[in-house]
Structures are given as C-alpha cells and as structure tokens.
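Letters A, B, C and D name the chains as they come in the text, with residue numbers starting at 1 for each one.
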C-alpha cells in the first residue's frame, strides 16, 4: 500500500517535494493539501495534476483518514504547531527545517513524540543521505581512521543577495553542517565560536563574509567550518575528518576531466540545487520506505532538530559576542539513540 | 496514465527490471508476464507481489490490451521473434541486448519498424545514460575539444570464470563500448581489428586476455579499446576522447579520498553492478517518459542494435583473423538520425 | 671567483651543508672550519676530503681572509654571538634557525646589521625556496585569487620520540610555517592562539597532540595551522590560501599514480628529508649566487629571524595560557622591505 | 679531481650543456672546445667565461691530456666520426642523440667500444633520469604490477612550425619514447607500425598529425604511442604501464591546484624545456659521477643508441608503408646487459 501524504504548505519547496513524491519516488502519493493561501492550494492540485483533497487548514487535513503522513513545508514559524497536532493525531511527519523556530518549541515536539511512544517525525536534513557523507560515516564507524580528532569543512557559495543577513550564515547555511557533523563524528557539541577574517570586498556592506565557526564536541573534537557565501568561484562543499590513523575527505563532485588551453581541469558546480539532488531523493525515499516497512522514520529526528535549534541559537549569539559560547544540551534520550549506519541502510 | 508493461522472460535480469519498474521508477507498472518456464512466471508474480496476468507465451501476452510496452528479457535467441511480433502488434519494446543474435535478424526488425512508421523499439544500452558519458557527449557537441580524432578506452574486470569465452570479450564486454563510442563521436565504424598483447598469467588456459581492439570510423577517428577481464585490481571503465583542441575524459567514480598508511588513495569498484546503477535507472525512466509524453522512445534504436550486431560479428571475425576486418554498414536511414543530446534531455 | 665559506659547527647538519656546498652546488668552497669539539672539526676535514683550515674558534676563523661567508651550524645558543662577530667583521652569514634563541638576541643582530649598512645575513628557512610555495607566492602577487583572507595549513609527521616536547611543536615544527606564511601573504602577525583538540592515543604521555594554532595578521587574515606529529600515515605538508576570488593550494608531492588491489592511489612521503631537498639546494644556491652577483643575500633576513623568534615566544606562551596572545612586532624597517618574487628570481 | 671535458660543437645545445656543467653541476670542468665554426668556439670561451683551450678540430682536441671526456654536441652527421676517434683515444664520451645517423654507424661504435673493453659512451637520452619514469621503473622491477603487458603513452606538443617534417615525428619526437620504453619494460622491440587518425585541421598542409605508433616487443608487450605535435593545449607527456596485477602511471607535473571561475584546475606546461630540466641535470651529473667513481658511464649506452637508430629507421619506413615493419635487432651483447636500477642509483 502506498503512503498517503497530506501537504501543509504548497509554496515553492512544497511543490518541489510534491513533484519528487509523485514523479521520482515510489511508494507514496499526495492525498490532501492545504495552504494559508487557499487559492494556491487549489491551484497546486491543478498545476501538478493531483488527485487530492484541499483542506482549509492543517487541523482539517489531519482528520482525513487517508493522510498517513504529513509533509510540513509551510513557513518556519508555523512548523511547531502543525507538527504537534500531527503527533497528537498519531501521523508521521516529514518537516522541512527548522523543526521549530525556537529551542523550546523543538523541545515541546521532542516531549510530545516521546510521550506518543515511538518516532513519528523526520526533519529535512538531506546531507546525511549524500553518498559522499555516507562513505565518510561508514569509514569512521568501521574505525578506518581511528578516533576522529578534528574536522575541517567549508560551505561556499558564489554570491548572495541583499536579503542574506548575518544570522542566515548560521541558521540557513551552516545549519546543514551543524546537523551533519555531530552525526558524522557521533558526538554532541559543547561550544561554538565565530571569528571573522578580513572581509572580502565582494560582500555587500551589511554582511561579514567569510566567517569561521569553531565547534567543539563533548569529547574534544574541534571542528573548523568556513562559511564563505561570496567566494565567486562556485558552490563548493568541503569536509575532511582527521583521525588518529588517517584522514577521510568528501569526494569532489565528479565532472569531466579535461585538458585545454594549458589547463588540466574539471568543473565546479555553480548552484546548490544540483549538488544534493540525489540526497534529496534518497532522504525522501528512505522516509517513505522506513515508515512503510519499519513503522517509523530513521532519518534526522526531532532530537536532531532540537540540537540544530540550540546550536543555531548559540551560533547567532557567538556571531555577536565573538566569544566561545556554550552549547547546553541535555544528554541524548535513550529514545533517540543513533543507530549505526549499517543498521539503517 | 501509467505505462503497462508486459514482461517476456522472468529470469534474473527480467526480475531486476521488474523491481526497478515497480520500486524505483515512476509512471509504469507490470501488467502481464510470460516465460518459457511457466512456473517461473507464476512464481515471479508471487515473489515480487505483482498484480499481473500470466500468459503462456509472448503472442498471448501481446493480445492483452493493458500491455502497452513489452520488456524483452528472454534469452537472446528468442528476442527477434518477440520484437517482430510486438512491432506487428504496434506495441513499444524495451529489449535487452542483443536486439537479435544475427545482423540479418536486426535488419528484419529495422525494416519492420520503419514499415510501421514510427519508432517503437529501444535496446538496453545503458551507458549513454551514464552521467559521465553524457558530459562527454555534450562537451563534444558543444565543440569544446574541436573535432574528435582519437579515442582511448578500457573495459577492465577483476576476473572472469570458466564460461567466459573469447568471443564474449566482443559480444558481451566490448559491446557496450561498441554502442557508446559511435554515439559519442557521432560517426559510423569502418573497420575493426583485434590484437593480442602478451597474455596475463591470471587468465584461464582457453582465453586470450588482454585484447586490444582498434576501431576506425568512416571519417578516420581511431579508437583503441583495451579489454582486460582478469585485471585483478577492480572494475574499471576508462574513456578519453582526444580532439583537435583538447581532451575530455570520463570522470573517475567518486569515492572517499583518504590518507592512510603512506597512501593517498581512493577506492576502485569491484563489481559492475554498482558502476552503472544510475544509468540503468535513467535509461528505463527515459524510455517510460519518452513513450508516455513524446509517443516514441529516444534511446538506442533498432538501428543501433543493428550496428552493434554487424560490428560484433566483424569483431569476432577479427579475433580469429587478426586482420583488419571491414564493417559494412549501409548509410543510417533518415528514420534513425541521431538527435543532439539537448534535443533529448 | 668562488665564495669561500667558513663553517662554525661541524655536527650532523653542518656536515650536510658542507656536502651540499662541495658536491651539489656550484660557486662556493669550504675554506675553514671550527667546532667546540676540535677533534670533530679535524675529522670533518678528513671525512669530507676538504682543503680547509681548522680554527680553534669562530673569532679565529673570522680572521681568515679567505673566509667570505660564514655558515653557522653550531648549536642554537651559540648562534647570536657568532653572527654578531661575523657582522662586525663584515662577512656574509648563512645561519641555521634559530637566528638567536631570544627575540632580544635577534634584535641585537638586526640592529648590528642595519648599522653595518647592508644585508649580510640569511636565515635557513628553506620553504620559501620550495617550488610549490613559490608558485603560490607568485599567484598571490599576480592577484590570481584577489586579496588573501584565510589560510589553512597542516604540518604532519608520522610520529615523534620521547625527546619531542610540547614547545618543540612551535619552535621546531611550526617555525617553518611561521616564517613561510607571513611571507606568502605579505603581512605581519598580530596574535597567536593554540587550541588542543582531543588528544590522539598514539602520542606519548607528556605531549598534547594534535594542536591547532590560529594566527591572525595585522590586516585580519586568519591562519589555521594544524600541527599533528603522530599522525601515523606520513609526512604531509598542506597549505591552502583562500582569497576573494579563488583558492590556491600547495601541490601534492608527485608520485606514481597506481591502480592495484581496489585502490587508485599514490604515495605519501614517510620522512621530511626528501620533501624539501630541492628547496634546500635552491636556498643555498641562491645565497651563494646573490652574495656573489648582487653583493647581498635575498632570502629570509635577520628581520625574518626576529619575527620567527617573537612569534615563537608568543606561541609557546599561548600553548600554556590557551588564550589569544598578542604578537608585538614593530613596523618592518625600510631596510628589510620584502621584494616581489619576480625581482628576486 | 674534477672531470675535464672537451666540447665538440658549441652551438645552442653545446652551450646549454657547458652552462650546466659549469654552473649547476659539480665535479667537472670545461678544459677544451672546438667547433667547425672556429669563431664561434672562440666566442663561447668569452661568453661563458671559460678557462679552456680552443682547438681546430676534434682530433686536435682529443690529444689534449686534460680532456678526459668528450661532449659531442656537433650536428648529427658528425657524431659518429668524433665518437669513434674518442674511443680510439680511450676517452669517455657523452654524445647527444643521435649516436650516429645510421644504424650501421651506431654498430661501428658498438663494435669499437666492445673492442676497447669497457664502456666509454653515454647517449643523451635524459628521460630515464626523470623522477617519474624512475619511480615507474622501480615499481616494475619490484614486481608491483606483475609482468607488463601493455603500455599507453602520448607525446604532445602545442604546435610545430614549417620545418617539422613527417619523419621528425619518429626521429626527433618519438625517439625519446623509443629509448625509454624498452628500458622501462626491460624488453626489446620486435616490430613497429604507424597509423594515421583523422588529421587535425591545426596541422600544416605537409604534415600528418596526430600519428599512432604501435610497437611490439619480443615477449609480446604492445605499446601504443600517440604523437600529436599540434595538440594546442600544452606540452604533455603521458605514460602508463598495464601489468598483470595493476597499473602504474607517470605522475602529472606538479603545479598549483586552484579553484577559480568554476574550475578546479592545475596548469599544463607550454614548453618542453621545463619538463625535463631536472632529468637533464641528473643525467649529466650521473655521467660525471659514474665516470669519476666507477670508471664507466651507466646511462644509455651505445647499444641503446643502436636500438634507437634501428627502431627509428623501421619507424620511418612504417610511416610510409603503413604496414607492420619488423625491427631486426641482434641479441643484446653481454657487454651491454642492463643493470637493475637499484644497482645504479
């Protein structure tokens, strides 16, 4: 039986996911949609040729028995409320980041889900499903490099526009590293610091760019993450884990190797959409398959959403204080223990 | 509306494709199956949880109105007959290689299809759908390296068993290069020669391994293809096109880059299944999409199947004669003119 | 006319340099030697088949008119005194690092040299003569990547023994990066900080390893330098400069690329001697040539030796305080202005 | 004691070598020169500031007792006569390629040298002294890839002028591969064939370019060598040996790795002078050192010069016949047996 999705929020990203579910992935269908803009919800039905009911709000949608899972792609501030209602209704949830806009909101979801008694919620952090990161995770789990000691990574975009504000460097850009890296090294964060190198003349007046974020984990792993959103040359995601016995590095995106005009070269992507396309598909397909065949999602959990929120808040604070800011995280509940990747895949 | 497939041949490869269609791809379903082993056909229905009719043979299956496309995965000698019947019935065909076991058989299909008046048949050459080859094709079409002059490629397997005979090096191994390379450089073959370097001691008594195949195209491009099926170190597909102004090379399969034990390394695949997995999916999805939305397949055609058969025959002859053997190909009919890749994708 | 060298200190490194001068380089000869161990000095004459006078101390050696340049390879605490005497005598000096064991001592040399009126002294920092660093320097000078903003580098050794103490990580290991990086980015240091990631279990009890050193320059460039002297896998020097418009990276040491046993690999050096062999030769030859043909050395100056001393001291302090320690450097005197690399080479 | 060189031929290449000997290498000096253009010989003395006698011809020069070794850099047709006279006089000889312009001439030298009783002559094939080829040679000797079975190599120049004729592709360009490859795989050639791919439009009217040369060795190794002297993109030397258990490949020339403008790239050399500079130095230094300390040269021998001549002749014949041309080589005399590279270095 296919998994019936109810979609809350039919804006650009909601439509992307709807197309993914109906045209690329298998095992799921869209059975209901809603949007604060009712007309947009109606229009989505027609545009994407869906056989789905339109509801006036998330509460109404959740009463539809055909809705087994909710896809939350409304705007951020609305996420918490919908997710809590969905848990109340015992429905599975795939929620785009952020899980909630505050750490407290995330914690309310974490508590509601634990009270429900089994995992219902997955947060849309897709990098864990990227094949390169997966290979790194497995190598680390297999002790190929011994204990991880340091991580060096970079998140580079060619340029950003006027609306990109300083805190977005943490909350929209680094947020992916925040989620991926603690998973990768199997540890929790202890503190975060932001330092500002010389500013590039390519950045707009209001922005400090690049930034270097230093995260330390409870066991003492130090992570240096460069955020450079006006690097000019391309969209470039780098990650390298240095362990006691060796180093593993995220593979470069494979492109043609060429020789021409005195250059031995290959291409660097110019936009992020192409970089993690497979990861998006893997992520969603895994959600569908896990829910259908294992009865619960296995990807990034509410707890991971909570970690991201707490770490993101500390990061924004660190951007202002330019000091080491503690990341106060309770111990990970038994309920949310990470599984080894081989138990999952 | 989804595309209804009737499957002729439910052995290993048939089942692989059935799983692909039902579990990974979208827009198609299995509605009918048949196999010379009727029990196997029945069992497939159960094993793969299909909602499909079982027919006693291809003729019966073709009469089912729900069958819009036929997937031919029977053994090679049976292909021609099924494909001809399918064309007769006006059904679309996805046929695993070979299109037919003889060049004459392929030509009969070519003629039947032209008589039918539009393309119905696609042959299962998946490499054209590999992302690396696609990038090469586009670079060449965009004149990035000027006119192609030479090609160097290699098809390496770690080892082969007793049942791998000399002619299989052409008909099963090189056949992929045969199809891919004339498409890649946009030219037709003129001759083929096989030379035998010193034999590896790792090959079994009855086999000559490695072999070097030299193909020449009508415009004079020279292709050197190494076939080395006991190379020990991995499954390794290489391809490099040298043009008037530069060179493009198939990217290596992306794997972790590591530093350990004095080695800066990355991994080489050990088996072929993982190498072209995406290509298999792309290939089949393109067949489904093209048939549904454009009314005809756009991938490798009957004519390409015919080229492969003629070239393969000449290659086997060349293995014995150790001389330059002509490849006698009529001009490509208008009906089968290649489209530029941007017209397709 | 060849340049007559008087060697002060005929221990291991002194002998290495003597061999280099007599057997590999051109334009110079050894005309005099001395050592606190007079017997060793005598023995060196015989062992290396030199036609040179043996003196009882540096003062005596400096009175030999055939000594035009002094090679100072005694132990560190003796350097300052010999260099000052040589300047007094108006002789050229090639002194192995450190220039002097204290910043004050270095400053005394700087002042004496300025008083003398032209450059006499070169300090043995050979990395600036490595071909890879040279290419980086030229790219930066040619504005290939715009203004440098950040630097990431690593200095990794497979392992160190009992005698390697914490401060040696700064004074013996990082000292090369300290000299190279300010030259590379054309800026002076402002502060230094040392942080300690999780310690590797491969390091001996008394050592903290790895360490991460953060250097900031006056214009705000942030440098992260990893020191990891028990990394196990090899001797590995990495350096990457991130600029406003692009990135340049030190090339890997070229070794065979191979495919074997499932690995696409190349080798990593196991010891440092081979890494900078060409740089050592280039460095010394440049000293000889510059002195002979331009009348003064052009490599790392007394001022650079002073920078290294001040920065090294601050680094050792930072190892203890774990705080950001200021690096108090007066403005670079006109006398020691860097020349563009094209003016030199 | 330094090795006294007498130079026969003070044109461009002669002067290059004189500078190398006097300014870069150690252990040798120029004591005598001659040239058919006596004025040029005189001028060379002044230009290069040599303390050497000028003789009217090679015979006179050979009578100078200070001449221990002769550097033959006259034009090709004069080589044989000078080399024979030098052997007669019992002097060491470093002769630029060709050893003699005919195979018969080379054989006369081989016979004279054997009659003399020990090796005196080294031919100027420098590639064997390139660090990359050396690593390949050692890997092969250490059985790292098992028995060599195939070789793929390429010799590419950006462009050539009007005076570059078809046979020069063999006698000036491929000649380096001819010498290097039989040494590399430790085997002798059996046959050679030249095939012409589609001609590049960048080549001048009179030239066929690219060419593919197929060499087969006595044990059956097949070598494909691409000669492409108008490849546009750079000076590019490639070599890959495919063995029973793995592959080794000549390292790329190390240059900066950069990221800029959407390209992850590094540079390709534009001219050959820089490519083998170290090899030229190593070659000559080895000649000097071997003669001084072992009493005979160890590099490419008269026999290697003979092999090059015979193979070159067959190659030029093959360019015309477009057929497989035999390479008729007697067995290598005991006198000229190759030593393992570790015995040499």
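By definition in this document, a residue touches a chain if its C-beta (ideal position, glycine included) is under 8 Å from a C-beta of that chain, and two chains touch if they have at least 3 such contacts.
Please read these numbers as outputs of a predicted model, since none were measured by experiment.
Path length between chain A and chain D in the chain contact graph, taken as the least number of steps between touching chains: 1. Of all chains, the one whose CA centroid is most distant from that of chain D is A. Chain B has its Cα centroid 38 Å from the Cα centroid of chain A. Each chain gets one centre point, the mean of its Cα atoms, and the points for chain A and chain C are 46 Å apart. Along chain A, residues 232-233, 245-247, 252, 259-261, 266 each make contact with two or more other chains. Contact residues of chain B toward chain C in the complex are 232-234, 236, 252, 259-268, 270. Note for the complex: chain B touches chain A at residues 22-27, 131-132, 135-136, 139, 144-145, 245-261, 266. By the touch rule above, chain B contacts chain D in their complex via residues 146-150, 152, 195-202, 210, 212, 214, 219-222, 224, 226, 228, 231-233, 242, 244-247.
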